[in-house]
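One chain, subunit A, appears in both complexes that follow, with subunit B as partner in the first and subunit C in the second.
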Partner chain A sequence: MRRSVSVAVFITVEILVIAALSTGRQNAALAAQQKTEAAEVKIDNFSFGPATLTVSVGTTVTWTNRDDIPHTVTSADDPKAFKSKVLDTDEKFSFTFTQPGTYPYFCSIHPKMTAKVVVQ
Partner chain B sequence: MWTQLGKHGWKISPGNNWPCLTVCINETRPIRGAGSLDSLTRAALQAGWQETATKNNGGIGVSKNEEERMSPITEARKTVLRNSQNELLHDHNHDGIDRRGFLKCMAWAGTGTFCVIRGGMLRSYSMSRLAELDPREMAKEIAGELSFAQISDSHMGFNKAANPDVAGTLQAAVDKINGLAVRPEFLLHTGDISHLSKPEEFDAVEQILKNAKPKDTFYVPGEHDVLDDDGKQFLDRFGKGSQGAGWYSFDKKGVHFVGLVNVMNLKAGGLGTLGHDQLEWLEDDVKHLKHSTPIVVFAHIPLWSVYPEWGWGTEDSAQALAYLKKFGSVTVLNGHIHQTMQKVEGNVTFHAAASTAFPQPAPGKADSPGPVKVPAEQLKSVLGITDVNFVRGKQALGVVDSTLE
Partner chain C sequence: MSEGFLGTSAPLAPDVVLLLEVAMGVALLVGTWLARTKRFRPHAWCQSTIVLLNLVVVAVAMTPSFRAQVLASIPVKLSKSYYALATVHAAFGSIAELAALYILLAAGTRLLPEQLRITRYKAWMRSVVVLWWLVLFLGVATYVRWYVPNFRR
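On to the complex of A and B.
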C-alpha cells in the first residue's frame, strides 16, 4: 500500500517536472522568436549578394535564386552547418543562425560561387 | 610536305602510303592574343572542317617501321613541338588558359563537331559542314572501322529563354545523327543529361535517344545529374557495371574507352575532381594495355584548364593524364562548357562538345558563364553533337589488333 502511494507521488512529481521543463522550453523558443531578425541573400548571375552578410545571433537568412540556372546554398564547413536542396529559379532556402561565428558557403553545382555569413 | 592553310593552319601530305592529314598547328607567337583563336577557328572552318593532330615522337598506334617511314613528318612536328613545349608547360601551370604554345581550335558557330581518328589521330568536322557535303562525299569522309557520336549537356527540364524547347533540340541532334551517311556504332553522352536530376527528365532523354539509330549510349554524369541524392538515381539508371560514382571502361575494335566522373564532392572554390579512388582505378585499368592502344577518355568537366575562374577544369586531371602518358594516342572528350573547343598537348587531344540545350559564353567573354540567349532562328547553329570516327591505317591495324589478343 505504502509502496503504491510512493509510486503515485513519484509519478506526480515527474509530471510536474516535465510540465515545468516544457513550459520553460516554450518560453525560450518564444523569446528566440521575438528576437529573430531576417536577412536576405540574392543569388544572381552566378554570385551571392552580398558576398559577406553580417547578422546578429538568431537571424534567419533567406536565399532566393534569381538566376535562370539552378544553384545550391551549401556550407563549406565540415561537418556542414547547412545545405539547401537544389534551388531552381525563384526558389528559396532559409536558415537560422543561433551561434556566433563565420559561416563560409558555396554553390555545390558551381563551386566557384562562394560567400559567407558572419554571425555576431 | 607542309602547305600553309589560312593563317595558322598547315596541311601535311606525307606520301602515298598514308592518308593525307590536314593539321592545324599554331605558330607559337601569333596565337598569344585572344583574337588569334578566332582566326585559327576561321581558318579551320573556311576549310570545311576542323582537324587537329600533333605528336611527340612518332606515329600513334603505329609500329616502329611505320614511325621510320613517317620520319619526315615526325621531324617537322618535333621542331614545332620543341619550340612550343616550354611555353605550353609555362602557361598551363600558371594562368591555366593555355593561350600559348599549343594548338587550340575553337569553334563558336556551327552545330557541333564531327571527329575522326585516323591512325590514332583525331580529326573533327563541323556537323553543319558535313551536312553540306554531297552524301557520297560525306560517306567517304566519315567511313571507318569505328565511329561514334558524342552528345552532351541536354539539360532536359531547362525551360528558360535561352531555349524553351530542349527536347526539340535534342531530337534535332538525334535526327542529325540518324542522317549521317555512316551510322555511328554508339553514342556517348558526356553529362548534364538532366537539368535538375528529376526522374521525368532522365525519362525524356532516354525516350528521345531511343529514336537514335545507334542503340547503345554510354553515359557519364554531369553535376546536374547528381543533385540532392549523391548520384544514386544516375547510378541506378545508367551506372550498371560501373565502379564508384559511375566510372568504367570498355573496348571497341582496339580502342580503349574510359568514362570518368569528375562532378562529385565539389569543394568550395574548387574545380572538378576525380578523387583518389578513381585515379587508383584508372592507373590499374590502363596498366596492362599496350602503348599503341588508342585511348578515348570521356568525362563531363574538361580535363584541361579551359577557364578555372569559371570552374572549367579538373583539380587532379594532371594525375589522370600522367597515367595516360605512355600511350601514343589519347583523346579526351568533355562537355560542360556548352561550346566546342579543342586543344592538343603532347600525345593528348582535348575536345569539348557543344550542348544540345543552350550555349554558354566563351571563356571570360561575359560576367558569368550563364546561358547565352540567341535569337530562336540561330539557336540550332550553336548547339550540336560530336561524331568520332576511328580509322586505322593499314600498318597500324595489325599493331592495334595484336594489342587485343
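On to the complex of A and C.
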C-alpha cells in the first residue's frame, strides 16, 4: 500500500515537473516571437539617414520623410523586397526584416538617394 | 533606375525631357521666324514636327510620371507647392498641345469640317507660341522644385 502511494506521488511530481518545463519553453518561444525591435530612418535634405542601418532579424524599420519634397523607399533588389508609395512630408513607411542579409534601397523619384539596411 | 546627367537629383528621363522641351521651345521660335520671313512651307514642317514630337514626349514620359507621382495626391494636397506647380504645368500644357494640334489640323489638313476651321491663323498661332513658352517656364520651375535641392526652400 505504502509503495503504491510512493509510486503515485512520484508520477504526479514527474507530470507536474514536465508540465512546468513545457509551459516555460512555450512562454520563452512566445516571448521570442513577440520580441520585435524597431529602428528609424529619417529622410531629409535629399538623403537617407543613417545611410547604413544595421539591425537584427525581426526588426521593423520605419522611414519618415522630413523633407519638403516627396520621396519613396524602394528596394534595389530584384524582385523588390519592399516598396513604399510616394511619401509626402511627415509620412511614414514601415517594413519588418525577417531574413538576414543586406538590403540596398533608393528613392525612385531621386535615384541618387541610396542607402542600405544590414540585417544580422 | 538610371541617374540623370544634369547634376541634379533627377533620374535620366526628366533630364532628357527638359533638354528636349527647351530645344523644342527654341525651335518653335525659329519656326515663327520662318513664317515672318515668308518661308511658309519650312515653317509648317518645323511647327508640325515640334507639336507631334511634343505629343510623343507627353505620352511616353510626362503622363506616366504625373500619374505615378502627382495624380493620387490631387486635389487634396494641391496646397503643397510641388503638386500645385506640376498640376498647373500639366493643365496649361494640355491646353497648349491641344490648341497646337487644332491649328495643325485646321491649317495643314482638310480633316476638319468647314465650320470648325479657323480664319485668323496669326492670332491663334501667336497665342499658342506665348502659351507654349509659359508652359515651358512652368516645366522648368517644376523640374527645379522636384529635383534641385538648393532651390527648394
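The criterion applied here is as follows: the second predicted complex is superposed on the first by the 87 of 120 C-alpha atoms of A that agree within 3 Å, B and C clash if a C-alpha of one lies under 4 Å from a C-alpha of the other, contacts with A are read in each partner's own complex, and residues count from 1 in each chain.
Just so it is clear, a contact is a pair of C-beta atoms (placed from the backbone, for glycine too) under 8 Å apart; a residue touches a chain by one contact, two chains touch by 3 or more.
Bear in mind that the values here come from a model prediction, so they are computed numbers and not experimental data.
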{"item": "Simultaneous placement of subunit C and subunit B on subunit A, clash or fit", "value": "clash"}
{"item": "Touched partner set for A:Val86, first subunit B, second subunit C, both or neither", "value": "both"}
{"item": "Partner, of subunit C and subunit B, that touches more residues belonging to subunit A", "value": "B"}
{"item": "First (subunit B), second (subunit C), both or neither touched by A:Val118", "value": "neither"}
{"item": "Subunit B versus subunit C as contact partner of A:Pro70, first or second or both or neither", "value": "both"}
{"item": "Which superposed partner A:Pro104 touches (first subunit B, second subunit C, both, neither)", "value": "first"}
{"item": "Touched partner set for A:Ala39, first subunit B, second subunit C, both or neither", "value": "neither"}
{"item": "Residues of subunit A that lie at the interface with subunit B and also at the interface with subunit C", "value": "45-46, 68-70, 85-86, 88-89, 106, 108-112"}
{"item": "Touch list for subunit C against partner subunit A, complex", "value": "1-3, 9-11, 68-69, 72-73, 77, 80, 82, 145-147, 149, 152-153"}
{"item": "Complex contact set, residues of subunit A against subunit C", "value": "45-46, 68-70, 85-86, 88-89, 106, 108-113"}
{"item": "For the subunit A and subunit B complex, residues of the former touching the latter", "value": "45-47, 67-70, 72, 74, 76, 85-86, 88-89, 104-106, 108-112, 114"}
{"item": "Complex interface listing, subunit B residues touching subunit A", "value": "160-162, 195-197, 223-224, 227-228, 266-271, 309-311, 367-371"}
